[in-house]
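As written, the chains take the letters A, B, C and D, and residue 1 is the first residue of each chain.
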Amino acid sequence: MNRKYADRFFQYFFRMVSLVSVLALGAILIFVFAQGLMPFVGATAPGIRLVVQNIGELAVNGRVYRNVPDSISLEEDARFISLRFPSGDAGEEVVDIEVNADERDARKRLVFARNPSAKVSYPEAYVVTLGWPGLMAGRDRKIHIILPEPPYSPVEFIGGMQWQPVRDKVFGVFPMIAGTVLASLGAIFLGVPVALLCALFMAEFLADRPAAFARGAIELLAGIPSVVYGFFGLMVIVPAVKNVFGIAAGNTLLSAVVVLALMILPTVITIAESSMRAVSLSLKEASLSLGASKMQTAWHITLFHAHSGVIAGIILGISRAVGETMAVILVAGNSPQLVFSPLESVRTLTATIAMEMGYASGRHSEMLFSIGVVLFIMILALNSLILRLRRGMDVV
Amino acid sequence: MKRFLVAAFVGAFALSSVFAGGSGEAAGAQNTPYTIEVGGSTSVTPLMEKFAEAYAKVRPHVKVNINPTGSGDGIKNAGTLYQIGMSSRELTPAEQGQGFRVETVAIDGIAVIVNSANPVGSLSVEQIRDIYTGAAGDWGQVSGSGKSGKIAVVSREAGSGTRGAFEELAGIKKLVAGANESTSTGAIKAGIAQNADAIGYISLGSLDASVKALAVGGVAASSANVVNGSYKLARPFILLSKADAHAESKAFLEWMLGPEGQAIVKTSWIPVK
Amino acid sequence: MKKRVFLDGLLYGIMALSLCGVIAVLGYILVYIFRQAAGSLSFGFIFRSAREGGILPMVVTTLYVVVVSIAISLPVGIGTAVFLTEYSGNSSLVRILRVAIETLAGIPSIIYGLFGLLMFCRFLGFGQSIIAGAFTLSIMILPVIIRTTEEALKSVPVSFREGSLSLGTTKSQTIFHVVLPSALGGIVTSAILAIGRVVGESAPVLLTVGLSRNIPRTVFESGRTLTIHLYYLTNEAVNPDDFGIAFATAGTLVMVVVAINTLTKILTRKFKNSQGDAS
Amino acid sequence: MNPNGQNAETRDGCAAKLDVCGLDLYYADFQALKNIDFRLARHEVAALIGPSGCGKSTFIRVLNRMNDLIPSCRVSGKVMLDGEDIYGAMDVTELRSRVGMVFQKPNPFAMSVFDNVAYGKRMRGLRDKRQLAEVVEVSLTKAALWDEVKDRLKKSALSLSGGQQQRLCIARSIAMQPEIILMDEPTSALDPIATGRIEELIGELKKDYSIIIVTHAMHQASRVSDRTAFFLLGELIEFGDTREVFTNPVDKRTEDYISGRFG
């Protein structure tokens, strides 16, 4: 009877183990989406925060801090900020600020009751800095008033044209979406015809041995790390583009397209070739027996009947191009602008994530995850297209 | 097959428990092996690597792990993931106020670089600002030495310490659209070395013969000129830690700020003490 | 008639040319890598520490990452493949499972990197470490292992299973003693393919494993894999000879890829032959 | 041992459409056809019978050079179509449009009915829509399929039934206005009713074309063909009038095969 329990155990065991994939996908969805949607649902902080430098004693709204902490959080609904601190012999510095919470323009949200003794500056969006000359050189006394950033509008995120994440805190990813789409489409237009020519040639015209050699070479092409493609592009393709078109810098959409086209070649060739090989010999024979030449048969019958596989290959190629990161960073120029010419610097979604993740802080970092979500949705759409095509193929 | 699988599982568990055992927190005892995790700015990394190398001779049981990720990461994770965070820029207001111990360990100049074949040898701060904001788009507008042609502007990515410092020092509010953004010193150097029309900026400590450094306002980019204050493009290398850091990491920090550490700084950068 | 013969010939020429072109580009990239690497690539290069211009720490880190991620992913992948081929009916679980696997296979690696950073580095508190990277990569290679193993299991003839079951063994005994051993070749192939993917991956590794170039003592330390070393060197290039070392690393990687491809092919052939003998 | 000896009247009567003389065929070292002599008159239906692997299919694939696709295949001997050597200067696509072929399993292309039939003509350079439509209608009518598919010419050919698909393949061949149609077991994948229709069709087509049909069903050979050839182990054992071969075979092996003693 032990055997029976073991059998039962393994049945559940395998079922549990297989759930890992589902759980993993769920975890990916939850983590990436939770982080990526954060900027759109909540403010960065519940209330105003004060960061104090070089001030020994400070009264905020009547509460006196003798050992001033680095950071003071005000109540969420604070309408007034009253700052007082002793200043050398002159007595007391006083700043009274009215908070106009309904004001949308962050710069106008703080209204100073009378001309403050301090120098008011706006080092970055949502930050107001009050500065007084220091009692010692280089020890300027400063109070940074950090306003909470309101939830970011998803429309401005997707449709926004400006990406100024650090100082202005403007996060518009439309140029990057366009960059990704253009670079991938360009790579497809350049790479797919070559890939199909190669695949058809390998499937229909090459003898076994040369075909096996060509397949080995193409697998090798697939195995070269993407960083190498990127560097090859930077040293060979970028100067070539610069010289051919006589432009200031060769780091352009065109260079990215060429490198990506090279990188999707093996994907498209491999899948297209295997689906071409799968086209039944009897169809080719029928075509030949009707007096079509070998070339005509290859184009009209083999390519035609392998089309769902070819399309699946192309879509996989697109998803490789969309997801490619390291190579693109090196050759694309990465300027977050909307491009209208292939000879302009362009930036993709993936490049933005990989470039800025190390440096980003606060909302900027969350926004990079939001870009990940955009990318994710694009890829999911492509994937469902593949799935649908697969299903279509099974029917035929 | 079953035996094979079972063996594989057991092996995996054994392996992981060994790993887990090995990672146990080092006790306070003097010579227990200890690993200090350091992370942050890529610009500070070459200096930190030299520190780590020298420190390995001073205290062989202490290992310094360096994660060159970026200033933002270094500041964000100082005191948590990294005992010591590295930054190549001043902290932004929002990053301040988290109870960090902030120490400037060195000063680094920012060299404005062009291709070796470029006849331009000097630019004023204003000209640099014009180039980076797009007011001047052609070498003819700034060179005065017969060089012409569109300028290929190369910058660092948003959030980079080098970029932050450079933009602040040169007074650049908004980068010209179409400027290339590179993630790293090496990519900028390689790009400029093969593009006669390009201009970029890198850490003075990473400067080599593959590119040419411009004088800024007539002052050559050199450590001596940074020290005497005549070369304006300079920024601090900052190390961040928390008060409750491990004794070993505190000791390492003191050592870097002490004479031995500062002697190492002197090799390519400007010491602070 | 003449026109058609001419057109066919022209097309043939274009096709041959494009294939030759692709192979020529490959050749050019290889020559480019190895010429740049010329001064630096040697046998000792692999066994020297980074400070002496070698790549020993990166080799060790890469091995760590490969071993740990395969150790996590292989049992799970095999288990899932067994469930899909041996136990699944057409239940909704199976449909969800298939969609999940397809989706996992299509997610760009940078998203795995983001996920790994959030889940393993931050949420579970591993920080940037080999273990965090290995967990991330093990999810990424799961679809590869499941698919290849499933193919292998499917190609085990039904008669084997029937033969075993008809002798009164239980299903799990049949799986462990008959099905899995017959599919061993395919399983090994799947592991090798997965290793190839892990070795060549860069973006998620950069985000999760980190860049530390010491030889890691435990899996909880950060490290630097070969691809990341290559990325970092080409990017930072602090020392003049960094480019040489970078390309020597690239050359090493390409050779690893060739070795993995060859090994996969040999195993697939062997596997096919033994299947042929058996059935 | 020349099975053609008794067919002198064919040789002397109308000129042979097809004349095969001393044909040997090798797959690498294996000789699949041995010294075959074979003649076919105009408007004649010849059936090829024999056990599996005897070389019948290989033989008809020689006649439109389909064997060229197999790299290890070598042919020697003469195959003359209207007195012209098909292995000589003749263009292979030209030959194939003159010698059509229908295969064992219906293999329509995954295109519309119309495109299937028009395919061959289009490949030969015919672009005119009216002419194509005419060719399609004529061919489908000849293949006795027109009435069934005239309303769904734009539908996928794969939506037709098996028997319809096979008639479509025949129509596809007819569209090329071939001189000879080769049929390789055209009914082996069909049910008896569909088979019957194809057999009727062959009777009709005989008026316009010469036909060679490979078949496993002896009764089919006796029903549709004028003459029957018996192949065994790559040799053409006997070739004569169908009634003769079935009722009074010359060779003992033919008799054994027909009476079901082996095969």
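Note that in this section a contact is a pair of C-beta atoms (placed from the backbone, for glycine too) under 8 Å apart; a residue touches a chain by one contact, two chains touch by 3 or more.
Keep in mind that what you see is a predicted model, and the values were worked out from it rather than measured.
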| item | value |
| --- | --- |
| Chain hops separating chain D from chain A, counting only touching neighbours | 1 |
| Chain whose mean Cα position lies farthest from chain B | D |
| Chain pair, A-C or A-B, that carries the greater number of C-beta contacts | A-C |
| Distance from chain D to chain B - Cα centre to Cα centre, in angstrom | 80 |
| Chain centre separation (chain A, chain B; CA means) in Å | 24 |
| Separation of mean Cα positions, chain D and chain C [Å, integer] | 52 |
| Chain C: positions in contact with at least two other chains | 4, 75, 234 |
| Touching two or more other chains - residue numbers and ranges from chain A | 235, 293, 296, 330, 354, 357 |
| For chain B, residues that touch 2 or more chains besides their own | 42, 69, 183, 187, 190 |
| Parts of chain B lying in touch with chain A, wherever the complex brings them together | 42, 69-73, 75-76, 92-100, 149-152, 154, 157-161, 164, 173-174, 177-183, 187, 190-191, 194-195, 197-198 |
| List of chain A residues in touch with chain D within their complex | 207, 280-283, 285-293, 296, 300-301, 304-305, 396 |
| List of chain A residues in touch with chain C within their complex | 3-4, 6-7, 9-11, 13-15, 17-22, 24-25, 27-28, 31-32, 35, 194, 197-198, 200-202, 205, 214, 216-221, 223-232, 235-236, 262, 265, 269, 293-296, 299, 319, 322-326, 330, 350, 353-354, 357, 368-369, 372, 375-376, 379-380, 382-383, 386-387 |
| For the chain C and chain B complex, residues of the former touching the latter | 51, 71-72, 74-75, 121, 127-128, 131, 176-177, 180-181, 184, 210-214, 217-222, 232-238, 240, 242-243 |
| Sites on chain C touched by chain A in the complex | 4-5, 7-8, 11-12, 14-16, 18-19, 21-23, 25-26, 29, 32-33, 75-76, 79-80, 82-84, 86-87, 93, 96-97, 99-104, 106-112, 114-115, 117-119, 123, 139, 142-143, 146, 170-173, 175, 196, 200, 202-203, 206-207, 227, 230-231, 234, 246, 250, 253-254, 257-258, 260-261, 265 |
